[in-house]
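In what follows, subunit A forms one complex with subunit B and a second complex with subunit C.
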Partner chain A sequence: MDLSWLDDFLWTYQNVIHSVGINGLLALSMYVVLAVGQLSLGQAAFMGLGAYSAALMTLKLGWPFWMVLPLSCVVPILFALAIGLPTLRLSGVYLAIATVGLGEVLKALYVNIDYVGGALGLTGIPEATETWMIYGLLALAVLAFWLVARSGIGRAMEAIREDETAARVMGVSCFRYQLGALVVSAMLAGIAGALEAHSTSLISPGEFGFEPEVSILSFALLGGIGTPIGPVVGAFILTLLPELLRGMADLRLVFNGVIIVVAVLFMPEGLVALRLRRRSA
Partner chain B sequence: MLAQQLVNGVLLGATYALFALGFTLMFGVLKVINLTYGFYFTAGAFAALFFTRYVVASVWLALPVAAIAAGIIAMACDGLLLTRLRRRGAPELSSLMVTVGAVLALNSAAAALFSPDIRRLPVGLVSVESFNFWGVRVTTAQFLVLGASIVLVGALIWLLRGTRVGVAIRAVAENPEAAGLMGINTGRTAALVSFVSGALAGAGGMLIGLNFNAIHPYMGEEMMLRGFVVVIVGGLGDIRGALIAGLMLGVVEVLTAGYIDSGMKEAVSFAILVLVLWTRPSGLFGAPKLRRA
Partner chain C sequence: MSALLQTRNLTRRYSGLVAVDSVDMEVHEGEIHALIGPNGAGKTTLFNLISGLTAPSEGSITLAGREVAALPAERRAALGLARTFQNIRVFSAMTVLENVLTGLQPRRRCGLAATLLRTPMFRREERTLVARALVALETVGLAARADEPAGGLSYGDQRRVEIARAIAPEPALLLLDEPAAGMNPAETEALGRLVRRIRDGGTTVLLVEHDMGFVMDISDAVTVLSFGKCICQGTPVEVRSSPEVMEAYLGQKVAARLAQRFAGAQAGRASA
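What follows is the complex of A and B.
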C-alpha cells in the first residue's frame, strides 16, 4: 500500500500535529490539579521553565535529547514545591494567586536576562522532538490518569474535590494529595515545554505568559474534568478550531476566555461529560 | 540620591496602595479574587485618555470620569458574572475561574479593538515643571498622584468607618447571611462595593498613566502582579495592611531598580510574596489564622 500521502500530510501539518499533542499534555497537567479541587494558574510558567531549562541543556551543555527530556521536569518541580508547600496549607485562592504571579515574574525575568536570549528568546534549538514521542507520552499519561482515577487514590482525589472537610474527616490527607497533584502537573508541563522547545526550535518569553495559561484552563474546562479524556479532547478542539477558521485568529483568545466563563456558569460538567465507571465498593 | 529614590518610591507606592485597596476591599467583602480588576484599571486609563482628548483636557474632570466609568464596568461585570455564583453558593475557585476567563476575553478584546500600541495623555494636561526640595525633585504629576491618592484613601476610610453604608459593608464582610437577616440589602451592598473598588482601580489607572505617561491595553495585567504582592503582604482583605504594603513595595521597587537592576524589580517583589507566604501567610500585620476548612 502506498503511504506516501501520509508522509506528505504529516510533513505539511507537522507543526499543527505537534502543538495539538503538546496542548493535550498541558490540558492533562491542568486536569490533575483541578481533580483535587485546586486551581493552579502556573501551567504555562512550569512549561516555560521546562522549555528554557531543556533548551539551555541542549544549547549550552550539549546534552543529548534522551537525557534532556526527562531532566526538563526538575526545575518545574522545584518551583512547584517552593510555591505549593506554603500555599496548599492555606485556602485555594493562595495557590492561584501565587501561580499567576509566578508566570508574570518569569516572563519579566526571561526578558531581562541576556543569557536566556532576552525578549527575543532562544533560537536554533535542534528539532529533536518526534511525533511519536508526543503522542506516546500523551497516551501513557491518559492511561496512567485513567488507572489512577479508578483506584483508591482516584476516590480520595474525588472526595477532596467534592468536599474537602468531609474528606479530611474520613482521614484523607488533603495536603499530601494536593501537593502530589501539583508536582505531577509541573512535571507534565515541564516535559511538554521541552517537547515544544525541540519541536518549534525557538522559544520566547511571550509563549509562557498569562494568555497561554488561561487558554490551557479553557482546554480543561471545555472538556470537563470528570475523566482524563475530556481535557485532551478540549485541547484538540481549541487548538484545531483556530487553524480551520483562519479569519478569527484575533479573536481566539476572546473565545477561549468566553469558554471558561460559559463552562463555569452553565456547564460545569464540560463538553465531554463522561462519568468514570467504577466497580461499586 | 538615596533621598530622591525614597521619595520616588513612596510616590510610586502610593499608586500601588491605591490600586491594591480596591482589590483587597473586593476580597474582604465579596470573598472573591476578582482578576477582572486589572481590566478596570485599564478601562479607567482609557476613559481618561478619550475624555481628555475628545471632550475637555482637564485633569480634574478626567479623574472622576475615569473612576465612574471603571466603577460602572466593575458593577456590570460583577452583576453578570458573579451574582449568579454567589446566589448558588458556588465554591470560591469557581468565581475565581470565571474572572480568569473574563479578564482574558476583555483584555484580548480591548487589544484587538484599540491596538496594543502605547498611547499618551494629551501634552500639557499637567504642567511639566518640577519642584526642588533640598535637592529632591518632585514633578507636578507626582504631586497630583500623591494628592489624589490621599484624598481617595481618606474618602474610602470615611465611607467604611463614618457612614451607615460603611457599617452595612462591614457587616456583609463579616457575615453576609446574618447581615441579610438584619435587613441589609446584600445584593445592593455587593454592587456598591464593586462600584467603589472599580472606581479606585480606574482612578489608579489614570494616575499611573499620567505618572508614567503610557497607556496601553495590557497595563492592568502588568499591574496585577503588584496587586497580588500588596494584598498578600498586607494580608488578604486587610485595608490598612494594603496601604502600608503598597508604600513598601514602591520603595522596594525603586531601590531595586536603583541599586541592583531594574530588570529584577518583579523578581524581588515576587520573592517577597513567596517569603511572606512561607513565614506569615496571613500578612505582615494580621494575626496568624488557622486554616478553616
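What follows is the complex of A and C.
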C-alpha cells in the first residue's frame, strides 16, 4: 500500500498538527484549574516560562531534548507555587488577578532582558518535537484526568467547584486541592511551551501574553469541563477553524470573543455536555 | 462525666455586635441535645464556630477532650464532626450516591498514585465506600434513588441526602441546623425517628430547631440562647418551666403575666 500521500500530508500540515495537539495540552491545563472552581489566567504565562526555560536549556546549555522536556515544567511549577500559596488562601478572584499580572510582568521581562533575546525572542531552536510526543502526552494527560475524575479525588474536586463551604465541612481541604490543581496546570502548560518552542524553532514574548490566554480559556469553555475530553475538543475546533477560514485571520480574536459569549449564554456546559460518574465501583 | 463537646467562654464579635457571648456549653456523649432560642439569638453562629466555618474571637472548643478552636473546618471533619445546613447545600449536579460518597472523604486513604494506577487497594476502598454510602442512604430511606441527580429531588429528600452525607462517616458528633424546617407533621415525626436511630447508632446529635414540640419530644438536654448568651441549660422539663426562657421568647410583660396566671391557677387548685 502506498502511504506516500500520508507523508506528504503530514509534512505539509505538520505545523497545524503540532499546534492542534499543543493547544489540546493547554486546554487541559485550563481545565484542571476550572475543575476545582478557580479561574487562572496564567496558562499562557506558564507556557512561556516552559518555552523560555526549555529553549535556554537547549541553546545555552546544550542539553538533549529528552532531558529538557521533563525539566521544562520546573520553572512554571515554582511560579505556580509562588502565586498560588498566597492567593489560594483567599476566596474569590485573587488567583485570576495575580495570574493576569504574572503574564504581563513576564512579557515585560522577556522584552527587556537581552539574554533571552529581547523583543525578538529566541531563534534557531532545534526542531526536536515529534508529533508522537505531543499526542502521546495528550493521550496520557486525558487518561490521567479521566481516572482522577472517576475517583474520590474527582468527587472532592467537583464538591469544591459546587460549594466550597459544604466541601470543607466534609473534610476536603480546598486549599490543597486548588494548589495541587494549579501546580498540575503549570506543569502541563510548561511542557506544552517546551514542545511549542522545539516545534516552531522560534519564540517571542508576544506569544505568551493575554491574547493567547483568552484563546486557551475559550478552548475550555467551548468544549465544556464536564469531562477532560471537552476542552481538547474545544482546542481542536478553535485551532482548526481559523486554518479553514484563513481569510478571516484578522477577526480571530473577535471570533474567540463571540465563542466565549455564545458558550456562556447558550451552552454553559460546552459542546461535550457530559458528566463523568464520580465513582469506579 | 466528661463532655464530648465543651465550649468555654466562646465568643464571636462582629463590629459592635456580640453574636455569641461567652457561651459555656456541654454536650454529652450519646445524647440528643437541642439548641433553641429566638431568631437572631446566635444559634447558627454558634454552629459555625463549632464546625470551624467561623473563627472565634475568644474562648475554647474541645471535641472529645481535644482543643479544636484553632483547627480549620476540614480538620474537624476528620476528627469526627459532621453537620448539615439550614439552607440545604447538596451538590446538585452530583448523584445522590456521589453526594454521600463525598461525605466519606475523611475515610478515604488512597492518594493520587493509587488512584491513577487503580491499585487493588484503590478498588477495594472504592467498593467499601460505596457500600457504606448505601448503608447511610438506606438509613434515611433513599437507597432506591442513589443514581439520580441530587438537584432533582424534592426539598425534603434533599434534606435527607444532606443527613445521609453527614452520617455516612459515622461521626462522633452530628450538628443538624433546623432539620425540620419546611416539613409537614408526618415528615417531622419520621425525622424524629431518624434522629433517634442516628443517636442509637452511636452518634451524638446537637440540633438547632424552632419546632418546640419536636425539640421537647426528642431531646435529652436543651440549651437556650438569647442575644448570644446561654441563659439556660437543662432537661426539656427544666427549660420549659424556666422564667428566663419564657421571658426570652415572650417578652418580660407577657412572661410576668403568664407566671402570675400560672401561680394563680396553682393557688386556685390548692384552695379547691
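Methods note: the second predicted complex is superposed on the first by the 276 of 281 C-alpha atoms of A that agree within 3 Å, B and C clash if a C-alpha of one lies under 4 Å from a C-alpha of the other, contacts with A are read in each partner's own complex, and residues count from 1 in each chain.
What we mean here is this: a residue touches a chain if its C-beta (ideal position, glycine included) is under 8 Å from a C-beta of that chain, and two chains touch if they have at least 3 such contacts.
For clarity, every value in this text was computed on a predicted model and none was experimentally measured.
Novice: Here subunit A is shared; do subunit B and subunit C fit on it together or clash?
Specialist: On the superposed model, which is not a single observed complex, subunit B and subunit C fit side by side.
Novice: Once the shared chain is lined up, is A:Tyr94 touching subunit B (first), subunit C (second), both, or neither of them?
Specialist: A:Tyr94 sits against subunit B, while subunit C stays out of touch.
Novice: Once the two structures are overlaid on A, work out the angle subunit B-subunit A-subunit C from the Cα centres, in steps of 10 degrees.
Specialist: 80
Novice: Applying the document's definition of touching, compare subunit B and subunit C: which contacts more of subunit A?
Specialist: Result: the larger residue contact count on subunit A belongs to B.
Novice: Check whether A:Ile259 is in contact with subunit B, with subunit C, with both or with neither, and answer first, second, both or neither.
Specialist: So A:Ile259 only meets subunit B here.
Novice: Please work out whether A:Ile83 is in contact with subunit B alone, subunit C alone, both, or neither, and reply first, second, both or neither.
Specialist: first
Novice: Touching A:Ser151, do we find subunit B (first), subunit C (second), both, or neither?
Specialist: second
Novice: Is A:Met267 contacted by the first partner subunit B, the second partner subunit C, both or neither?
Specialist: neither
Novice: Look at A:Ala159 in the shared chain and tell me whether it touches subunit B only, subunit C only, both, or neither; answer first, second, both or neither.
Specialist: second
Novice: Using the touch definition from the top, say if A:Val74 reaches subunit B (first), subunit C (second), both or neither.
Specialist: In the superposition, A:Val74 contacts neither subunit B nor subunit C.
Novice: Report for A:Met170: first if it touches subunit B alone, second if subunit C alone, otherwise both or neither.
Specialist: second
Novice: Subunit B and subunit C, closest CA-CA distance after overlay, in Å?
Specialist: Across the overlay, subunit B reaches subunit C at a minimum of 8 Å between C-alpha atoms.
Novice: Across the two complexes, what residues of subunit A are contacted by subunit B and by subunit C?
Specialist: Common interface on subunit A, subunit B vs subunit C: 165, 168.
Novice: Which residues of subunit A touch subunit B in their complex?
Specialist: 37-39, 41, 82-83, 85-87, 89-94, 96-98, 100-102, 104-105, 108-109, 111-113, 164-165, 168, 210-211, 214-215, 217-218, 221, 250-251, 253-261, 263-265, 268
Novice: In the complex, go through subunit C and note every residue touching subunit A.
Specialist: Residue list for subunit C touching subunit A: 51-53, 72-75, 77-78, 82-83, 85, 89-95, 97-98, 101-106, 108, 110, 112, 115-116, 118, 122-123, 126-127, 129-130, 165, 169.
Novice: If you look only at subunit A, which of its residues touch subunit C in the complex?
Specialist: Touching subunit C from subunit A are residues 144, 147-148, 151-153, 155-156, 158-159, 162-163, 165-174, 275, 277-281.
Novice: Contact residues on subunit B for subunit A in the complex?
Specialist: Within the complex, subunit B touches subunit A at residues 33, 35, 81, 84-85, 91-94, 96-98, 100-106, 108-109, 112, 221-222, 224-225, 228-229, 232, 236, 261, 263-267, 269-270, 273-274, 277-278, 281, 291, 293.
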